[in-house]
Every structure is written in C-alpha cells, then in structure tokens.
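Could you have a look at this structure, given as structure tokens, before my questions?
When the chains are written out, they are named A, B, C and D in that same order, and each has its own residue count from 1.
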Amino acid sequence: MVGAFDYAPAIVLLPFLSFCLAVGVALSGRDLLPKGGALPGIAATAGSLLLSAWVFLTVSGGETYNETIYTWAAGGEATGSLSQPLELTFGLLLDPLSAMMLLIVSLVALLVHVFSLGYMNDEGETGLPRYYAGLGLFTASMLGFVVADNLLMAFMFFELVGLCSYLLIGFWFRQAGPPSAAKKAFLVTRFGDYFFLIGVVAVFATFGTAKFAGEGSFPRLAEAAIQGEATVNTFLGLAPTAWFTVVGLLVLGGVIGKSAQFPLHTWLPDAMEGPTPVSALIHAATMVAAGVYLVARMYGFYALSPTAMAVVALVGAFTALFAATMGLVKKEIKQVLAYSTISQYGYIMLGLGAGGYVAGTFHLLTHAFFKALLFLGAGSVIIAMHHNEDMWDMGGLKDRMPVTYYTFLAGSLALAGIVPFAGFWSKDEVLYEALVHGLGTTSGLGTALLVAYGMGLIAVLFTGFYTFRMVMLTFHGEPRTDTAREATEPGWNVKLPLVVLGILATTVGFVNMVPVKDLTGAEIDFLHKWLYGTEGAGWAETLGTSGYQYHHVLFADYGAGMAAANLPSYLVGLLSLALALFGAGSAYVLYGGADPDPYTDKLGVVKDVLYNNYYQDEYQVWLAEGVVLPLSKAADVFDQAVVDGVVNGVSSVSLFGGSRIKRIQDGIVTHYAAMLTLGLTALLVGFAIYGGWF
Amino acid sequence: MVPVEYYLVLSAAVFSIGLYGLLTRENALLFLMSVELMLNAANINFVAFSLQWGNLTGQVMSLFVMGLAAAEVAVGIGIILVLYRNFKDVDVTVPQSMRW
Amino acid sequence: MVTAPPLTPTFLLGLTALAVLTYDSVWPDSTDGSVLTGISVVGSLASLAAAGWFLTAGTGLATDGVSLYADAVVVDGMSLFFTALFAAVTILVSLASFDYFAGKENQGELFGLMLLAATGMSLIASANSLATAFVALELVSLPSYALVAFLKNDRGSSEAGLKYFLIGALSSAIFVFGVSLIYAATGSLLLPDIAAAFESGLGDRVGIAGVGVLMVAGGVAFKAAAVPFHFWAPEAYEGAPAPVSAFLSSASKAAGFALGFRVFVVGFPLGPAASAGIDWALLFQVLAVATMVLGNFAAATQDEVKRMLAYSSIGHAGYVLIGLAALSAEAATNGDVMGAAMAHLFVYGFMNTGAFLFVALAENWGVGRRFEDYNGLGAEKPFAAVAMTAFLFSLAGVPPLGGFFSKLFLFAGAVEAGLWWLVVIAVINSSLSLFYYSRVVRALWFEEGEHDLSGAPTALYAALAVALVGTVLLLPGFGPVIETAQEAATALFA
Amino acid sequence: MIIETLIGFTFVAALLTFLVPDEVANRVGAALSLVPLVGTLWMWTQFDGSGNALTGGTLAFETQFDLFALSGYQVQWFTGLDGISLPLVVLTAFLTTLAIVSAWTPIDSRQSQFYGLMLFMEANLLGMFTALDFFVWFVFWEATLLPMYFLIGVWGGPRRKYAAIKFFVYTNVASLLMFVGFVALTFGGLGDSIDTLSLPEVAMALDAGGNVSSFMGLAPGTLKLVAFLAMFVGFAVKVPVAPLHTWLPDAHVEAPTPASVMLAGVLLKMGTYAMLRFNFTMLPDVASDLAILIAALGAFSVIYGAILALAQEDLKRIVAYSSVSSMGYVLLGLIAFTEFGVAGATFQMIAHGLISGLMFMAVGVIYNTTHTRMVGDMSGLADRMPVTVGIFVAGAFGYMGLPLMAGFAGEYFIFVGSFHSTVIPSAPLFTAAAMFGIVIVAGYLLLAMQRTLFGPFSLDADYEVGAAPFHDVAPLAVLLLAVIALGVAPDLFFDMILNAIAPLVGGGA
C-alpha cells in the first residue's frame, strides 16, 4: 500500500516545480501568470504542507523512513585508506525531528507566499517571477535539506539554500545596497561552509559513509569506534575522540555561518536589505535554522565529544548575549529583529550544547513561529510606513493597525519569554538544561555550561528590554510623523498570516510545558515524548536518532560524560521570567510615554560601540579590503614582474645573444678570410694536440 | 735524392705565403694571385709525392689543378669586372653593403 | 630489359645544359625564357625520372652500385638519391626563373650555368676519387659564382658574387691542398685505396693525413656553409637573385654533404682513422654545434627575410652535420643516422627552396625585403602565404610537416648513437628557430598591410605548389623516402 | 574505422570551410561541425570499452595498422577509446560546435579562415585524444598548436601578436622537453624491449619494471626520474601549473572568445590528460615518490591562481586565472592515486571544460554589446541583458562549485579522493589547503558580478546595450544545461571513468 512516504519526495519537488514554472515565465519576459507567479508557489507550498502533515501523522503513528532513493556517484573498490568503496547518495530520512521541521518550513513558506501577495504584488514590484522563483527554489532546497538522510546531501541543499538567500537578498539589484549585502551573506556563510565541506569530506574519509541514521550511520560507527568495537580511519595521528571532535568542530563551522553565530553573524543584519517576507522566511524562520537543525540532526555525533558540546554551548550563549546587547540600540525595526534572531539562535545552540536536545529543538520550533510572526508584523508596519523602517518615525500605530499590533504583541511576549507565550516555555527549558547539566557535570564541560548559563540569563534581561523598546516605539505613544498618522492596515493577505502565526506564537509552547509537568506531574511534555519515542523499540532503536539514544551517549563516560543536578524546573523558570519582566518593564517605563526620548543615547560611547556592532563588520571588511586585496595585488605584481619576467627574460637574453653573434659578419671579406683561417688553424692545432699527430 | 719532407716544407711555405698575401692584400687581383700560390703549393705536393709513390696520379692531378685554376681565374676576373662596374674599384674591402 | 648507362641521370643533366647552350647560341638575344625553361624542366624531369627509376625499379644500383671509369665514379643508392634531389630542386628553380628573369637578357647562360652546376653536383654524389671530387666541386662552384653575380648592374648581386668567389677560391685552395696531403700520406686519390691505406696504418704520416683530412673537411664545410667556412653564405644568399639563392642553399649545400658523406665514410674509415688520432666524427660534432648555434642565433635578430633564411640555412647545415657527427666505428646505427641526414636534406630541398621561391615571388611583386614589408600578404595572396607558412613551420620542424619527420629521424638517430647532449642543443636551437620563423608568419597573417600586387606569376606559383606538395605530402609519403635514404646510407658502410 | 572517418571528415570539413566565401562560412562551419558532434555522441551511446587503454583494457572502436619504422620502432596508426578519452572526445566535439556558433557575432573578418581553423583544430584534438601510438599522438598534439596560434594572432586583441608568439613558443618548448623525456625513457631506457612506441606497449613494458636499462650514464631509477620530470614540466606548461602559467592570461585576454573557449575548455585538458596517460600511468612509482611535491604544486596553483584572479580588473583575466586555480584541483586529484581522486580529476577536466567555456562565452557575449571587459567600466548590466546575466550568474555559481552543477561534483570527488589518499603525505592538510580555493573563488566572482552586473546601470562608452541575439545566448543555455545535467547525474561519465582508472589506483577491475 502506498503511504505518505511514497509521496514524501513530492514535498521537495512541488516547490521545485513552481520554481521551474516561474523561471520559465521570467525567461519569457512576459507576464504569463496571474499575480506574477505567486499562485503556483502558494499551491505548491500548500501541497507540501499537506503532504508534510500526512508524513507527520504517519510518523506519529510510529513509522519512520530512512531509504536511499538515488545514487549520485558510487565507487567500485576500496582505495586509499578506505576499507570499502565510497557511495554518494541521496535519500530521505523521515523521523520525528525531520517531520516536525517539514511542518514548520512548509507552513511558514506557505504563509510567506501569501504575505508576499500583500508585500510585493500590491506594492507593484517588478520582477515578481524572479522573486517567486527564488522563494520556490528556496523552499524546495530547504525541504530537501530537512529530509536529507546523509551529510553530503545535507551539504548540497545547504549550499543551494545559500544561493537562494543570495538571490533574494539581492532581489532589488538595481540599487547599490542589496547586491553588496547579498555578496556579503554568501561570502561569510561560504567561509563557514568551507569548514563544513572539509567536515563532510572528513566524515566520508573517516567512516566511508555519511548516513545520519540507522545501521552503519556515522554517529553509530563513531560511538562504536570510541568504545573500541569498530575501527575507522583517523588522520593526522589523532585518537578517535580527538579526531571526532575535530570533525565535529569543522562541521560546526558551517553551522556558525548559516545560523549567524559569532563571529560569522555579521551577514545577517545586512541581509535585511532583502524584501521583508524573505527576511521572515529565510533569515528568521528557516534557513538560519538550518544550521542548528544540522546540529540536532547529527546530535549523536556531537554528544560523543565534551569539547564539541562545550564549544557549541559557549558559542551559543555568547552569541545570545552579544547580539542582545546590540539589539538594544538599533533604530530600524528590522535591525532589532535581526539581532534578536541572532540572539535567539544563540539560545538554541546553548540548549543543544547543554545536552538539551529537546529543549533546543523546542526553542527552534517556537522561535520559527514567533520570529516569522514578528518579521511579517514588521513587514505590515513597513507597508503602512511606505518602506520607512526607522522606529523613531513611527509611534502610535496600535490604534491605526490593531490586527498587526496584537499579533505583533503576542510575538513580542513570546520573544521576551513572558509566560504563557511560546518563547517562555522553550527558552526556560534551554536555560534549565544548561543549569542542571552545568551543576551536575564535574568535568570542564560543567563549568563551561555554567558560564554559558550565566550569559544566557543576562541575555534574557536584554531581550525583554529591546523587545518592548521596539513595541513601545512602534505602536505606543503619539505618532511622530505624518506617515505614521496616516498609516493604514494592509489587506487580508497580510492579516491572515499574522493571525495564524499569532495564534501559534501564543499556543505552540504548550506542547512541552515541563515546569507544569514538574508541578502537577501531568504527562504533558508531548514534544519530549515525540522526540524520545519508546526506548529500545521502534524507530528509536532502528534509527538511533531518538532522545533516549542521545541521552544515553551524553551521560555515558565514553561520551560527553554529563550528569544532571536535581533542580525543580519551575524555580529556574521563575528566575528567568522575573528577569524578562524586569527588562520588559524597564523598557515600558522608559519608552511607554507619549513622546519617549532616545534614552540609549545617554549610554554615550557604549551606545556607539553597540550601535556599531562592536566594530565586527569593520574588522571583517578590513580583513577583506585591507589585507586580502592588497595581498592579491602584490601577488599580481610579483607574477607579472618575476614569474613572467623570467619567461620574457629568456627570450630577450637569447635575442641579445643573437644580435651579438651576428656582429661577426662585419661585411669585410678579408676579415672573413682571416676568421676562416683562424678557425681552421684552431681546429688544426686542437686536433693535432688531441690526436697527437706530430 | 732530396728527402720528401723538404717538399712538404716547401709546399707548406708556399701555401702560407699565399695565405698571407690573401689576408693582407686588398686588391682583388692580388687576392687572385695569392690563391694561385696556394693552389700551386698543392701542385708541389702532388708532383713530389707522385715521384715518391711512383704513380702518375699526382702529376695528372696537378694538371687538373692548373686547368681549374685557370678557369677559376677566368671566372674571377669576370666577377672583378662586375665589381669594378658597380663599385668603381677593385678593392675587395669596399663592398660591405651587406653585413650582420 | 632496357640497359641504360648507370650515369644516365648525370648525363641527362649535362646534355640538357648543352642543349640550352646550343639554343642560346642559335638565338643569342632572345629574352623569352619559355623555351629555355621548357628544355631545362624537361631535362631535369628526365634526369629525375631516370634516377627514380634506377632507385626503385630493382636495377640493383640502389643496393650494390657499380663503379665506372677505373673506380673514379660510382653509381649507387646514395648518388642516385642525391641526383634525384638535385634534379628536383633544379626543376623548381628553373620554373621560378622563368618569371623571375622574365625580360632579362642572357637567360641562356643562366639556365646553362644552373644545369652545369646541377651536373657537377650529381657528379660529386658519384665521385669515388678525390680527383673527380675536386673537378666536380669546381664544376659546381664556378657556375655558382657566376650565378650569384648574375645581375650585373646590381651592387648587391656583384658584391655577393665577389665574396662568394673569394671565400670559394680560398676554400678550394684549402681543399685541394688537403687532397694533396692525403695523396702525400696515402699515395692514391681513389677513396677505396685511401681507405685501404688507412686500414693498413699510416705510420709516421698520420700528421700529414690528419691535416689533409681536416682541410678536406674544410672544403666540405664550405659547400655546406658550415662554420667556419660559412662566411660567404649570408651575403651570397642575400645578394643573389632569389632563385639562385634557393638553388645554392638547397642543392649546393646538399652537394657539399654528398661529398662529405662519401669521402669521409668511404675514404677515411672512422675506425682506423680515429684509432690513428684522426677522430673526424668529433670534428664534425664541434662543427655541428658551432654551426647550428651560430646560424640560429644570428637568424633570430635579422631584419630581412632573405638574410634570415640565409642564416637559418646555416643552422640547418648544423643539423645535417649530425649525420656525420653521430657516426661511430662499426656501429649498426650509422646507416640510420646518415640516412636520416640525407632524408632531411631531401625534405629541405623542398621546404627551403619553397621559402626562397616565396622571397623570389615577393621580389617579383616588388614587395620589400624586410619583415614588415610582408605585412598583410596573407590577406592579399592567401595561397602563396599558406605555402610560405607551411615551408616555415616545416623548417622549424613543426608536425605534421615534412621538416618535423626528417628532423625527428635525425635526432632519433643521434640519440641512438648516444649523442644525447648534441640532440639537446639541437632541440634548443630548433625551438629558437620557431621564434624567428614565426616572425614571418606573423607579418604575413597578423599584421595589416597594403600593397598593389601585379598578378600571380604562373610559373612561380607552379613552383611554389610543387614545393608545397613536396613539403606536405611527405607526411604520408615519408616512409619510402626515409627507407630509401637509410638503405642507401647503409649500403655505403657495407 | 569510425574514429578515422570522423577525423578525416573534420579535416575535409576544415578545407571546405576554408574555400567557401566569408558570408556563409559561419553557417557552413557550424553545420559541418555537427557531424563530428553527432558521431562522437553516437560513439558515446555505443561505447563498449572497459578497463584502461594503457593497461590492456579492451578499447572501443579500435583501429591499428603499421605506418613505417622509426629507427628500430614500428610507427603505427593506433586509435581507440577508453573511459578516459571518450568523455574528452565528446567534450571536444561539443565545445567546438558551440564555440563556432558563439563566433557568429564577434568574428567579422576572414570568416572562412576562422571557421576552417576551428575545424582543423577540432580534427587534431580528436586525433590527439584517440591516438594511442606515441608518434601519431605527438603529431596531433603539436598540430593543435598551429590553429590556436593563428586564431589568437589574427583575430585577437591589441597585444595579440605578443600573446600568440608567447603561447606558441612557450608551449612548443614545453612539448619538446616532454618529447625528449619520453624519447629518453623509451629509446634509452627501454631500448629493444619494445618494438613499437604504442602507449600501451610502453606502459606495460614499464609496468613490468625490470627492463629499464641505464642510459647516458643515468641509472635506471635516475633515468625514470629525469624522464618523469621532463614530461611533467612539459605537460605542466600546458595545464598550466603555476608558476608555468604566465602564457595563459595573455593568450586568453588577447584571444577571440571562441578561441578562449577552446583554449580553456579543451586545450588545457590536453596537459592533464597527457599527465594522466604518461606520468601517472607509466611511472606511478616515480609519481608517488614525488607525491608531496606534486600535491604541493596542485594546492599552490589553486590558491595562487585564485589570489591572482582576485586582483584582476579584466573579466577574461579573472576567468583565465581561475582556470589555473581549477586545474590545480585536477593535479591534486591525480596524485592522490585514489579511486575518487583520479576519477574525480578526470571528471573535473570535463566539468571545468564546460564551465570555463560557459564563462568565457558569457564574458564574450557581454563584450559583444559593451565592447569592454573592464570591471570598472560597467555596472548594472542585469538591467539591460537579463537573460545573459542570469546565465552568467548561474555559470559563476557553477564555477564556485554549487552543488548539483558539474563543478561541485568534480571538486568534491577530488577532495574526498585526495583527503584519504595514502600516497600524499598528510593528505588532509594539502586537501584542506587546496579547498580554501572555494572561498576565494566565491570572493572574486561575487565581487566582479556585484560591480558589473548589479547596481544602477552605467557604461563608460555610449553603446546601445540591449539583450543579446539568440545565437549568442543559445550556446550559453546549452552549456548551462549540460553543466547541470552532469552535476545531477555525474554517472553520465563518472562510471566509465571509474572503470578506466581502476587499474591505476591499485584495484583490479
């Protein structure tokens, strides 16, 4: 019988078809499709959503799918240090994690398509086919990435996702800014992907396979190898654990790039040059999530290395705090959201690094919805403000555009982590995992986690503050410009997505209310169960991608060697909630007034530093323009002068030699006779001596 | 009877004299005469060694050489005339329009 | 079965010369060269045919050979091979001369001298005695002087004639003196007898013989335009009428080598000679290196195409000298390498003649002599330019043209003989030659230029076409050539 | 005899094209070039060879007969295809046709000569890739230089004469060096243990090992080393491997677009093809002794070429230097002596042939309309010629190794292959170093695209810039499709390549 899994490839192919359609239209250069190609996109994403839902249901029925469907290239024999021939394949891995992610991606994609009708079509943009082609290809690649069953396939779609991001950021190519931002985004992420690619290659070279799950998947091989039950190649004379750590960190490079973690976060704020729906879809909800999703996808591998876990946690926590501080002082609404995005992904990383597989995934889920919501809300505000993004020109919009306001508020509360909105539950769990594991674990990892927890906790405060500063400045007080006074709410195609996402942002947190469970003992940690499955049975056994497996590895002494302290989660939750409220409250006090002052200016030099993002861009730009370009110029000079100089030198030397030699022929015949005689005499003498004639 | 080596020395001397003249004289006709000397140096050898070896080859050869020397002079004079026609001179060092 | 006298090819050339002279003495002041050209072309063709027939038709001449006139003359594969080559070049040059000298007077003398020289050349190739060799050599030289100086009223021509003559006279004097010394040392002028004398040991006359051998080598070097006897060549080739330059630089050079090959291989067998201290192979190695280096480097920076070709022909003399330099006593490879040298001369007879004929064509058009005067000819006269390009690349030894094959066999032979370093030098030189040959190609095709060119002289074009066919069709047809040459050469060592 | 028929036909076609009037030459040339294209494609479908041509594999479309003896060795006409040469033959025919079409716009003088030369070059290339007798091979090898010399010199840019002669002399000297090396190895080293110069016989004789005798005072080992180095340097110039690359930028910049396409697309591959056939098949032991040197050279070429490309202002120079970079990967893959390394390198030859051809053509199309290639002189072209720019961008990403395009396949195979190589010492480090090229390539291509294609439109000259004509864009599109096809389904070629290189990497097959 044909089930959901037989149609699963269509989840990826549908958006791809819409891409091809849109490309065809774009090439034709005529307006063949209504709505400039939006409708095929909507239809396709809707189809993907339905199929994803079907898959989701099937998976929740306990079935999973982990099959190779296409062999890209396969070797015939084992060469080099490999013990079996390489096989590079495409395949689907449909387990709870990917099923959940499919749902998120296709849903947000659909909503963004709809929203685009309002944001792009109604605003009379040109080049819409190109836009929808980009969206379609992006959706396809992202879905492909989600269902990937091995690291190489994941990498491929990872790159394609990057391409789409490039194309869509640079959508308004006729201006100067977007192309530059697009270039920066691709370059910075490419830098990360460089390490990722080395990681992929290394995984193949080490294990001969890159499958995520099932028998002979590389996390399992690694686990076996560390326990000495299997042998794999290690390189550079490293022991398995050390080598696996290296590989893990290499792959992490790609994660840091895509998920805009420090120090490769600089591209994301610039990426806001792209259309707002794109920011919502790509740079908040999905593509940026690709990075952390990858960590979750191969969690079994990371769980083996305490070092890797510590790095993940610290990078995440530091980024969370770091980005939050920068978000405090931004003027443009999208900039605030951008930095909050970076910060939130920091939290997800923290959760994963802290051994909170569920927690991290949970925050990934909630964040996808509330951040998409916030961006779309911002989009609707921007429409109303005629593409002026400066919050100081807004104010008082809540009466002019109620739907936007309330949905946006819901999103903000979620972001700030105020109970009972989605963000609270997930962020709270992340911090909780960090704390208990930090306290429990004795090794250096423990300390690292505690430090990370501290940073994450402070970030909560800032998050509350900048979130509500944004809300206040945008919607409260008196309108500060005429555009703000005349602002009107856009049409249904904007409101509908907002409402849908608003509801989700409010409610999705309920899928995993761990504190409540601890209080009441009610078994309501659905997400936890969903990701854990049933121990030692079903997919949890066959695929080895279940929380149980990870938990086992995390706490095993050959793995990360974690231990959990015993703490009631609600206490921890209360603490972070208090901080969030304090931050939000202070923002309300400072900016809630009718005509708030730019208090942050009072910070003086600190404000400058924050406003300039700690001069991160400056030093990276300096690296590019101050170091690399001059270096290349110098190399060019060297190449022309020395390397080519030698080549030309050879010819000039021989020509000079020729011009000298021919001077012998001076035109006077007696000289010829003389030289002839001399030559003959020389030969005579020479050979007479050589031959000993006389 | 005169040892044959003496003839060799003689012919070598004549040859060298001719060579010397050829290298030092700039008048084309003197050049020709020097060449004649050198040819005759060869003739000395031929004749002398013809006697030495007791066969006539050498003597015959010397006749050939003389004949050809004459022919050579004929051609040479012709060329020298052409030279004079074009350069108004029989100095062999004058024509040097072509060099290098 | 027809039994023609073995010397038929030579006789035919000579008779043709006489026929030309007869015609000329009957109609002394006709300026229409068509009949003369006709006669000489037909005569040379006949000679070529005869030589070819003797070579191929299993007359046994190619392998065994016969010696005539009390061993003064032999007819064997080598002599026939060279005679064929001389006849072929004569045909080309005669054709070219028809247009080049059109309307000029004394054409009878021109063709007559040319054919006499050709006769002398083929006689050189058969000369089995130093006496014959000397006479034949002069029979080549004397007409050549006159040919070079043929343009009486042209300063260049007469200067060239003078220089050629003076150096020639000196060289022949040296040669004949050398012959006299050989005679002094061995008591004979017949090559086999000389060889016998070498075999049986020269006693205290090694010195005399050595000097003699060296001086004879000088005579060879003069004809072949090899260092240090090359000084006449640049001026003679530059100043002479282009067809004559072609004739000298191809045929006359080949004659020189024909002389060298036979005299040294048959007359002064390397084994005893070397053991006696007269290692002429080493001598030719020195000459080869000096010649190819000087020729190529001097050619690299010339301003005039003709003079560049002159120097390049010196360079080629250097390559061919490998044919003598790479010989070693009793080595099985001797025949191969010398045959390769002969084959190279054969190919050279077409490509180099062709190149000079293009120069003749250019002079006929009234185009200047400098490289830049050739600018844009490719666009205006594609066929001639294509032909010239083929000749030049063939001279440079670029596949798939004839020059590549012959050079390849030559170098291969040298490698076989173990003359590794010599081949390396030769390779360096021929890559340099690539540079200066391509300067002409560049002028022909890459540069823009304007000329008003008067038509396309038919005979010259025909000559070009023949030379082109000879150069290009040697790609498939090279097998026979090299095999004949190597067979003939091997016979010489037998 | 199909191969001979195709080569012969192409020669005749070249001659015909020489003779037709200039007005029709472009169409005649294109039409005639279809025949070898169809022929090679047919051979592709009918390909039944297996194993490596030089190690006794069974050849497809084999022909063999004697020509003449060269000082003791029998020279043969010996052609045939294996999994290595077939893809290159197909590439040659494919690119030639497209290049000829792409020439319709830019070539406006002496058309018949131009297209004749293109076909003449194709014929020689086909011969070079199919010939298995060293002598015949070498003749074709050298003969390919002539047409390119004229294509650059006659139809090239301002400094075309310098570039043409530099290209011609430099590569010719290199060929001579290689020639000497090979002759030393066979004449000197193998002597009479072989009686022909057919590559398989030489390869197997060397494989048998012992029978290399010392020569010119060189011990067998030294002789092999010398011969290897001579051949390696000779081929490295062709590839080109830095620092022997300096003829390439000049040649590319001055050459007309179609010539650049052929030069980058096929002629560079001659070098790596020959390296694979000669150095790495005949003397693998020497190669592995020099592995660290060769791997370092490969990595160096990658990085050095990329850094130089970063400094260029001329679009063609950028692509030219990036060719140096990409060919460095090939060298790295070859020396890896792993299945994916060598096969990936071979695959990368095809991939880079298509992609660099695409890029040069795209630059050419831009040049046709803007009459400049200087990055600084133009911007915002996407506004005026969207389709061309679209393909340009796609091609550029192909060059950057975007997955599902041929370039990624080739590079990834090479990386994974060289990473686990046991021949290269500390292979991972070399691999990682070379891989950094994928960052720099993105750097300079994105920078160039941002400056020329995007932003507000401007042009430092008043030409009417509009969409390019169809026959300019069509070849681009075809190439792009080919690139994607190979990227999605590498097995179109990868299988047969694997099969052909298997014997070289220690495996059975």
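Methods note: a contact is a pair of C-beta atoms (placed from the backbone, for glycine too) under 8 Å apart; a residue touches a chain by one contact, two chains touch by 3 or more.
A quick note: this is a predicted structure, and the numbers were derived from the prediction, not measured.
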Checklist entry - Going by the contact rule set out at the top, which chains touch both chain A and chain B? => result C
Checklist entry - So how far apart, in whole Å, are chain B and chain D when each is placed at the average of its C-alpha atoms? => result 65
Checklist entry - Cα centroid separation between chain C and chain D, in whole Å? => result 42
Checklist outcome for this item: Taking each chain's centre as the mean of its CA atoms, chain A sits from chain D at a distance in Å of 37
Item to check | Distance from chain C to chain B - Cα centre to Cα centre, in angstrom | outcome: 26
Checklist entry - Multi-chain contacts in chain A: which residues touch at least two other chains? => result 651, 662, 665, 667, 669, 673
Checklist entry - chain C: which residues touch two or more other chains? => result 162-163, 166, 170, 174, 234-235, 435
Checklist outcome for this item: Where chain D touches two or more other chains at once, the residues are 169
Checklist entry - Could you list each pair of chains that touch, in label order? => result A-B, A-C, A-D, B-C, C-D
Item to check | Partner chain D, residues of chain A touching it in the complex | outcome: 26-27, 29, 71-73, 75-77, 79-82, 85-86, 88, 152, 155-157, 159-160, 163, 170, 173-176, 178-180, 182-183, 186-187, 190-191, 194, 197-198, 201-202, 204-205, 233, 235-236, 624, 628-629, 631-633, 635-636, 639, 643-644, 647, 651
Next on the checklist: List the residues on chain C that touch chain A in their complex, please.
Outcome noted: 162-163, 166-167, 170-171, 174, 206-207, 210-211, 214-215, 218, 227-229, 231-232, 234-235, 276-279, 282-283, 286, 293-294, 296-302, 311, 432, 435
Item to check | Touch list for chain C against partner chain B, complex | outcome: 131, 134-135, 138, 142, 145-146, 149, 152-156, 158-163, 165-166, 169-170, 172-174, 176-177, 179-181, 183-184, 187-189, 208, 234-235, 238-239, 307
Checklist entry - Can you name the residues of chain B that touch chain A in the complex? => result 19, 22-23, 26, 92-93, 95-100
Checklist outcome for this item: So, in the complex, the side of chain D touching chain A is made of residues 166, 169-170, 242-243, 245-247, 304, 307-308, 310-312, 336-341, 343, 380, 382-383, 386-387, 390, 397, 400, 402-404, 408-409, 412-413, 415-417, 419-422, 426-429, 431-432, 435-436, 438-439, 442-443, 446-447, 449-450, 453-457, 490-491, 494, 498-499, 502, 505-509
